[in-house]
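The structure appears right after this line, and notes come after that.
As written, the chain order gives the labels A, B, C, D, E, F and G, with residue 1 at the start of each chain.
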Amino acid sequence: MNEFFIAAGLALCLLVFLVLYRVIFGPGVFNRIAASSAIGTKTLIILLILGYVYNRVDMFIDISMVYALLNFIGCIAAAKYLEMER
Amino acid sequence: MIVSSDDIIIKTIARIFVPFIQLYALYVIMHGHYSPGGGFQGGVILGASMALLLITHGYDEVKRRLPEGVVMLLGSVGVLIYAGIGLTCLLLGGNYLDYSQLSVILHVDPAHARSLGILGVELGVGFTVMAVMYSIFFDISTGGILPEDQKQEEKLESEG
Amino acid sequence: MEVTIFIHAADDAFRILEKAKARAVGLLDTATNLTSETRWMREKKIQAILKGAQETKSGFQNFVATFVMLMVFWALLSGKFDTFHLSLGVICSLIVAYLSHDLLFANVRVGDGRLIAQRFLRYIPWLMREIVTANFHVAYLALSPKMPIDPQIITFRTKLESDISWVTLANSITLTPGTITIDIEDREFMIHALDRKVADDLDTGEMEDRVAHIFMEADHIYIQDVLDVSRIFAELKRGM
Amino acid sequence: MKTLGLIVSIIVGAFLMYGTIDMPDWGDPNSPASIHVSPRYIKKTEVETATPNMVTSVLADYRGYDTLGETTVIFTAGMACILLLRRRKEAGKARR
Amino acid sequence: MNIPFDIIFQIFVVMCAIAAITVRDLLSAVMVLGAYSFFMCLMWAQLGAVDVAFTEASVSAGIGTILLIAAVLKTTRRSKD
Amino acid sequence: MDFIIAKYNYWIYIILMMIGFYAMIAKSNLIKKIIGMNIFQTAIILFFVSMAYKKGGATLPILTNADMHGEHAIQVAQYLNPLPHVLMLTAIVVSIATLGVALAIAIMMYRKYHTLEEDEILKAIK
Amino acid sequence: MAYIVEALSIVCILGGLFFFMTATIGLLRFPDFFTRLHATGKGDTLAVFLCLLGFAIHEGLSLTALKILFIAVFMFLAQPTATHAISRAGIRHGLKPWVKGEERQ
């Protein structure tokens, strides 16, 4: 089971690498914001997988919870900025 | 940045989220002993929840809950709690910040007294960090001018 | 020769239309009958519900509800059930409930709270099915080499009234196949759809009815308590 | 300015990389950093402070002075921010 | 066991750092910095520093990004290099 | 080869530090400089935290079963070194506070000179 | 029994990875910003949910599993909202949606 989790984590890292293309080269701010929030969700899962690698999931859940609760604040703030700038 | 958003969805979801974020922050402060977390992290999350309220619901809504004066008071009170606990230890005959002396007034064994002292200290740190984070965000997003002052200034300028 | 065939064909068409119309009228009649019957039967209860719906909860009720909810959340987070930690939880929940008692349940209209919860739970499986369909749709579009999309923006007016039902509808629209909500401006939903067909699917208003059913919006309350609406709509569509 | 900055940063980086030769290996359990005081913290934290999370106990108990200083620094930073940016009501009137 | 994650996160972090200082648009740079902090948090979690990872998560996702966005709003979004 | 495996982490941290340092020196935009400062800080913090790492199955610095009393039961090599974590944890929060002060100063400069570019500010001061 | 539970959790996580993959491919291949939001907004939500469900099944009936499910609930509320906020900002900022026949951005 542990090997499976590590393999899943590596696969997710590959996907993050693909999303990173949009973050770095993506035309315009909007693509970057969307890709950045997508990376946030993948980070949440990778954190839990690292918890399984360390065999201490109950410690890593708290960090994941922080991302689940706070990740969208950045999105909303950036959206509000772009609305106000116009 | 601090005017109220006119999007009903964002406002509603923020309204639902804010109490949970605040309770989670308090949980992080209180359970720093057993799981990752502590005063710094919890304070930052509390400040972030107030910032979320400020972005989505505007300044008036936040001012009703947490006026500017109270924020500054909390910031100073946090440092004072920290220093005060240290001073209490000094008055009880130990070293500065030696919490095992607190066992005299708390009626527990020294190890648990140190644990409780840690809890108090974390609480103070959390208050300070929350107040500072919130006030830094507030100042930067308004440019330091309170909205009512701005209105007043505009009125004065239009008069004279 | 051609003329007679044409006339026959037209005649047939008219007859089919007539039949369909009669069927539709009959269906509507039964629907109204049923509706009035239920209205008569359950008038009292519904009136009570509606009357309750008009007044928002008082501050103290809000406070207690928020406190209970936060306390449950705390117990779930904490996982320690000794006296010290529970009392810490009570204090923290009291502080947060005092700070934000008008946030969590602001202008929730008091219907039967338990009924709303029940209906919401019954709504979730349908939503999950839609979400899975949506994801397979996106997967098909993303993996197909030609990418058959034709994006367009559509708007429609909604009959819903409270903000929480707007939010439910908007988030459900975002999660279901091929559509995302862009904007709401006084009851006008602006939606970005991936192609024409998806937009037409949305126009039938099935999801809106379901959401209205959850939150007991006034126009929908009678018919939907007793009938499965989607079947009637499908029948009507086929008949016409 | 650009080339100068590049040259300076590369020189600094090269010096630092030269310095890593004498560093202990990465992840070495017997490196000087982890044999000096930390064993005591790890061993005594449960007995002395009844706190399983060593980071918290070291943060707030063994190294309490340090954290007090950091808290004061953060508080001072907040003060500095307010002093720099905020304009009071009276100042607005006086400016007029 | 942790080695592959380690190398991958390091590569990500360096890429994000280079992108954050080369992007012209300041708001884009801020968003790239947000992605950078995600990887930083992952790296700390992988090194076993759970508390540091927690701090980085709350600081960057909660306050850091919106602080920079507010500052960009108060000043200007364009930059010459 | 052993040498590279033992030391490559440090080199990557130094590369990260160089990127931040270059941004602080060569970029003329103030906010870019602040971003560079942020990267510099994280590189230093990363260097510190990596000192705490122990190879060979060491777990987090949180005791696994809290009921266990007595210091002889705890193997030191099993747990990571908590001291660098503590020092760097506070450093991150302090870094966000200094970021706030730096942004405040940048906003003040923008108010006075209406630009964020360093060379234009220098020209205006003269 | 234990094998069935393990297999179930593996299936859930694999499904999550599949939807993550399609969301990522969509993010890379779709022609403009709004269509890309379709990919991330829907794909990530379900993928996160499936992955978390897999973890929760692997964890068994405990408080940890409940916490993991709570994370899923928060994601379900937050993710569509973030998508909506960005798309609204895009349309207000004056971004033109891509229509058929145009060049992809």
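One rule holds in what follows: a contact is a pair of C-beta atoms (placed from the backbone, for glycine too) under 8 Å apart; a residue touches a chain by one contact, two chains touch by 3 or more.
In this text the structure is predicted, and so the values were computed from the model without any measurement.
> Can you list every chain in contact with both chain B and chain C?
In this structure, the chains that contact chain C and also chain B are G.
> Determine the chain that sits nearest the middle of the structure, using the mean of its CA atoms as its centre.
If one averages C-alpha positions chain by chain, the most central is A.
> Based on CA centres, what chain would you say lies at the far end from chain D?
C
> If you tally contacting C-beta pairs, which comes out ahead, A-B or B-F? Let me know.
If we tally the contacting C-beta pairs, A-B comes out ahead.
> With centres defined as the mean C-alpha position, give me the chain A-chain D separation in Å.
Between these chains, centre-to-centre, one finds 26 Å.
> At what distance in angstrom does the C-alpha mean of chain F lie from that of chain E?
Here the centre of chain F sits 11 Å away from the centre of chain E.
> If you average the CA atoms of chain C and of chain D, how many Å lie between those two points?
Roughly 52 Å separates the two chain centres.
> At least two other chains touched by the same residue of chain D: list those residues.
Chain D, residues with two or more chain partners: 47, 52-53, 55-56, 59, 67, 74, 77-78, 81, 84-85.
> So which stretches of chain B touch two or more other chains?
1, 7, 9-10, 13, 16-17, 20, 24, 28, 34-38, 40, 44-45, 48, 51, 55, 129, 132-133, 136-137, 139-140, 143
> Can you pull out the residues of chain A that are in contact with at least two other chains?
Residues 28, 33, 35, 54, 58-59, 62-63, 65-66, 69-71, 73, 76-78, 80-82, 84-85 of chain A touch two or more partner chains.
> What residues on chain F touch chain D, complex-wise?
Within the complex, chain F contacts chain D at residues 6-11, 14-15, 17-18, 21-22, 25-26, 28, 50-56, 58, 61-63, 66, 68-71, 74, 76-77, 79, 81-87, 89-90, 93-94, 97-98, 100-101, 104-105, 107-108.
> Flag every residue of chain A that touches chain G in the complex, lowest number first.
Touching chain G: residues 1, 4, 8, 11-12, 15, 18-19, 21-22, 27-28, 30-31, 33-35, 37-38, 41-42, 44-45, 48, 52, 57-58, 61, 64-65, 68-69, 71-72, 75-76, 78-80, 82-83, 85-86 of chain A.
> Which bits of chain D are touching chain F when the two form their complex?
Touching chain F: residues 1-2, 4-6, 8-10, 12-13, 16-17, 20-21, 23, 25-29, 31, 33-34, 37-39, 41-47, 52-55, 58-59, 63, 66-67, 70, 73-74, 77-78, 80-81, 84-85 of chain D.
> Looking at the complex, which residues from chain G come into contact with chain C?
18-19, 22-23, 25-26, 29-32, 34-35, 37-39, 41-43, 45-47, 63, 66-67, 70, 77, 80-81, 83-84, 87-88, 91-92, 97-100
> Per the contact definition, I'd like the list of chain B residues that touch chain G in the complex.
Within the complex, chain B touches chain G at residues 7, 9-10, 13, 16-17, 20.
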